[in-house]
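Presented sequentially are two complexes of subunit A, the first with subunit B as partner and the second with subunit C.
This part shows the complex of A and B:
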């Protein structure tokens, strides 16, 4: 037992922090110490945390930049919302339906991650980034022209307009093109979000430590070396990418079941969202899962709490992104940092160690 | 006849893509980085022309000149402040993320300064439309755009192959270290590349907004990404490749808008990118580089 604790110390600390934060917020909600604006933020916040953590799997562990993460979230959101709308009143109780919806979001987003990853992961660097961006935009565009309706004869699908569905009088439009899905049951709660964060964290942290995760990191550090020791590069890359996509799908489920009307716009499932998640990952530290959680929370709550700041929110994100990259990665900034640390009385030893 | 007019519009749009793609392809060839902010430099150029011509009522030529100057300075500054410090960084991911940050910064600055409202851009092209037969009209914008694109491509090819600075660019794109040993100032060469690319972006912006006269802070980002698709399509690093890729992409986009679905046109353009990268990642005119251990 003791061995187990020392082996998984990092994981347990991360989970502990999240659980602690959850308890504090729950108490504050019960005491009524929280404004309704803040309450409305809690579920999206959980979705953002999951997105940040899952994108970190691609960017930090796999070492490839994906700019289409919001696309996978979109898949998860739409498939699950569609499922929930179909089965409202069919599957009881509600929580069971929500569990199924989550599974569906997970599976479909993962499936798309797998299908997209298969051709795309052969590319790397800039090309991979631009192709994932392209896929994200394609998914968003397709969602905007997709019409699905239901009547006594079954489901009708069209990519033209609602009229061409040819519904009978008793028909009901489920997905209405650019208007998206309306009337999704509001199943997402803060507690559900918390549980999903915990599950995602456990999955990802264990994945990183597993044999597969180490293989993925070996590929990140040196593809040719990894191949030469017999690691199946394609397989492990695909595994990490699909897992990351599937978890983004879960975040999409959470997101969609919190909204009355779900639409695929540039703001929520487009390029902007992908960039926002990337900012979370970069600020938290590329490769640091705990950092992603913390930065997602801070960057979501801070602009909302400081009211006047919300106009400048995106501007601040952009500056944070550039400054963090320069500060953390530019060789001159690193040398400067090392010099500063060396000058501090307690830092001299640390700096020496880093030299070696 | 309808087909012909769609085709001509496609070529016109494609010529704009080609001019933007030239900037992309030169920067990519030399700095080996995807300059995500390139599309937003276009937007800055458009806003400059808009403020000079529509808000201050100064002559058009001054607007275009100022926009070229502003974009050139902006491009060189971005390179020096954001990209140069990261050139020696271990991972190529870092500079890509920084470029995205710069792109985001420019968009949001424009949003704060000019607001989210769409601005009506007045065309700066003085030429009247030419009518051929009854149904076919070629707008002045189309004529100017295509001519500008061809002239720019020829001048650029001559510049790169014939002048000393141009050859320095070629050398830096082949091998930075070796070029430095030959006495080429690598930093200055890269700055020059960014300057040329950004000046082209300004020209492209003016032409783009003359043909599609609505201006928002996000005007540049989509054409920017599509121009990158064009550059990849034609073979990245190749000047004639960017031209061919741009024209073909413009035609594909306009024809799919006309005959398939206007909402799906973007998706189709991106599908082209994916197919090209799957089938021939080096593009139509690109060179294959073998990776060594």
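This part shows the complex of A and C:
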């Protein structure tokens, strides 16, 4: 037992931090010591944490740059919101429907990750980044032309416009092209988000430690060497990529079930979002899961905490982002931090460890 | 030792988290937070001493940054002018108004954040959101809080699906039906082409109803071509298609920026369509580098024209220009009217600022179907039970480089 703890200490610390933060926030919510702005941010925070962690699997562990992560989030969001809209009032209770929605988002995003991964993962580096970017945009644009309606005759699908669905008068439009899905039941809660973060963390952290994870990291470090010892490169690459996509789909489920009106715009499912998630990963440290969690939280909160600055908000946000990136990763800033830590009484040994 | 450092790092990060939370802790029960109140003093003309509930707090939401900033800023400024005027004239029922506005970056999720931020500030009535998608997302939240919401320009039918939400602008279905009937009854054309923005709820909403009503009218839609916000610069394909199908009139349920491009491209390709639009075309004469001669004969249904000759419109345009240096568009006028509509509803209800948000909403809701308001965007506006506005659309034609009312 003791052996188990020392072996998995890093995992347990990460999970512990998340659980601790959850308990503190829950207590604050119960006591009403929290603003409505922050309360409204809790579910999106959970979604962004899952996104950052899942992208870190592709970028940090698999070592491939993906710029289409928001596309998988989009798939998860739309498939699950469509499912919930279709079955609201049919599947009871609500939590059961939400569990199904999560599974659907997970499976569909994973499936698309697999399908897209097959051709895409033959590329490397910059080429792969560009192609994933294109796939993300394709997914977003497909969602923008899709019309689905329902009436007594069943489902109608069109990729032209809402009129050509030919619905009866009492028909209901479920997916209205670029206007997306309106009226998704609000099933996402902070507790659900917390549970999903924990599950994602457990999946990813255990995956990294497993035989498959080590094979993936071997591919990242040297493909030829990995192949020469008999690792099936395509299989492991696809495994990591699909898992990463599937978890992004879960984040999409959380996101879509928190909003009444779901639209696929550049802002939320386009390259803007993909790059935003990449920023979470890079700031938190490529390959560091705990870092992704923390940076996703900080960077999501930051623009909201800066609301007091009115129109200068987005400018200041960008400047703070640059400053944080430099402070975290510029070599001289790292050396400066190491010196400061060395001066602190309890930091001496840690600094030494880092230097080595 | 190593364990100790790990432990301290955990404790420190936890402390950091807690201090961050405490930073955004409960502000609703106290007066406005420091950061916000400095913000307000720059924006609102309300008196500074407002810690106790002696003022009505009105909030506005819109995109102040990004692509659609022109609309959000117009709403923000238009409402600001109305608030200042009302405060100068003695306020609502003798109470001054405090005004705050928040950016939503044209993102549904951020719009909900903006709503929550305004709620923390103590907002009692919401003017927003500016755009349809954001307005729908926010109305789900405001309906849970039972807060009175009046969207100046969110025109989709879903914006007023909840019973606490009302519209100042026409909703899309009404515009589509009215346009089809106008073209049909006046016999403007027998073959009509449509170019619309499928990504915009406003545009595709009008188109959907227009197409439906067209079935009952003596004209035929020969081509309906869509574009999206990503492809709104080249319309040659859509125009050529309209020409090939022999369209006489092109219906443009879109905003004026794209319409000005369509007119220019149609003219350079040598097509001679008639053009017909909705309120989004208002402002087309103000587009930079646009040859106004091309707009000659364009017809539009719109509630607001900045060069109207009535006294209130002229005063508003002058005021807006001197404050913000540009001619107000329809969004600004809608927001300006929104504040006056709120004033009328509060006065009719005899409400006071110390009422709870929910009670205030109930009181105002009850009055909305009773009151009739004269505004810049329509005289004697009334509201039906759903929350849609009832006002007469004005059919305008551009003649000699000016909007003129078709009688």
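The rule is short, and it goes like this: the second predicted complex is superposed on the first by the 306 of 356 C-alpha atoms of A that agree within 3 Å, B and C clash if a C-alpha of one lies under 4 Å from a C-alpha of the other, contacts with A are read in each partner's own complex, and residues count from 1 in each chain.
The rule is simple: a residue touches a chain if its C-beta (ideal position, glycine included) is under 8 Å from a C-beta of that chain, and two chains touch if they have at least 3 such contacts.
Only a predicted model underlies this, so the values are computations on that prediction, with no experimental measurement involved.
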Exercise. So, does A:314 touch the first partner subunit B, the second partner subunit C, both, or neither?
Worked result: both
Exercise. Does the superposition put A:260 against subunit B (first), subunit C (second), both, or neither?
Worked result: second
Exercise. So, A:59: does it touch subunit B (first), subunit C (second), both, or neither?
Worked result: first
For this session: Determine, under the contact definition given at the top, whether A:32 touches first (subunit B), second (subunit C), both, or neither.
Result: second
Problem set entry | Which superposed partner A:243 touches (first subunit B, second subunit C, both, neither) | neither
Exercise. With the two structures laid over each other on chain A, which partner does A:268 touch: subunit B (first), subunit C (second), both, or neither?
Worked result: second
Exercise. In the superposed arrangement, does A:50 touch subunit B (first), subunit C (second), both or neither?
Worked result: neither
Exercise. What is the contact status of A:145 with respect to subunit B (first) and subunit C (second): first, second, both, or neither?
Worked result: both
Exercise. Do any residues of subunit A touch both subunit B and subunit C, and if so, which are they?
Worked result: 141, 144-145, 311, 314
Exercise. If you look only at subunit A, which of its residues touch subunit C in the complex?
Worked result: 9, 13, 16-17, 20-21, 24-25, 28, 32-41, 44, 141, 144-145, 161-163, 177-180, 182-183, 186, 255, 258-263, 265-268, 294, 301, 304-305, 307-311, 313-314, 346-347, 349-350, 353
Seminar exercise, completed: Listed in rising order, the residues of subunit A that touch subunit B in the complex are 59, 63-65, 67, 119-120, 122-123, 125-127, 129-131, 133-135, 137-138, 141-142, 144-145, 159-160, 224, 271, 275, 278, 282, 286, 311-312, 314-315, 317-319, 321-322, 325-326, 328-333
Problem set entry | Touch list for subunit C against partner subunit A, complex | 1-2, 4-6, 8, 10, 13-14, 17-18, 20-21, 23-28, 33-36, 38-39, 42-43, 64-66, 102-103, 105-109, 112-117, 119-120, 132-134, 136-137, 139-141, 156, 158, 161, 198-201, 204, 207-208, 211-212, 224, 226, 228, 230
Exercise. For subunit B, which residues count as touching subunit A in their complex?
Worked result: 28, 33-34, 82, 85-86, 88-98, 100-102, 104-105, 107-109, 111-112, 221, 225, 228-229, 232, 261, 263-264, 266-267, 270-271, 273-274, 277-278, 281, 293
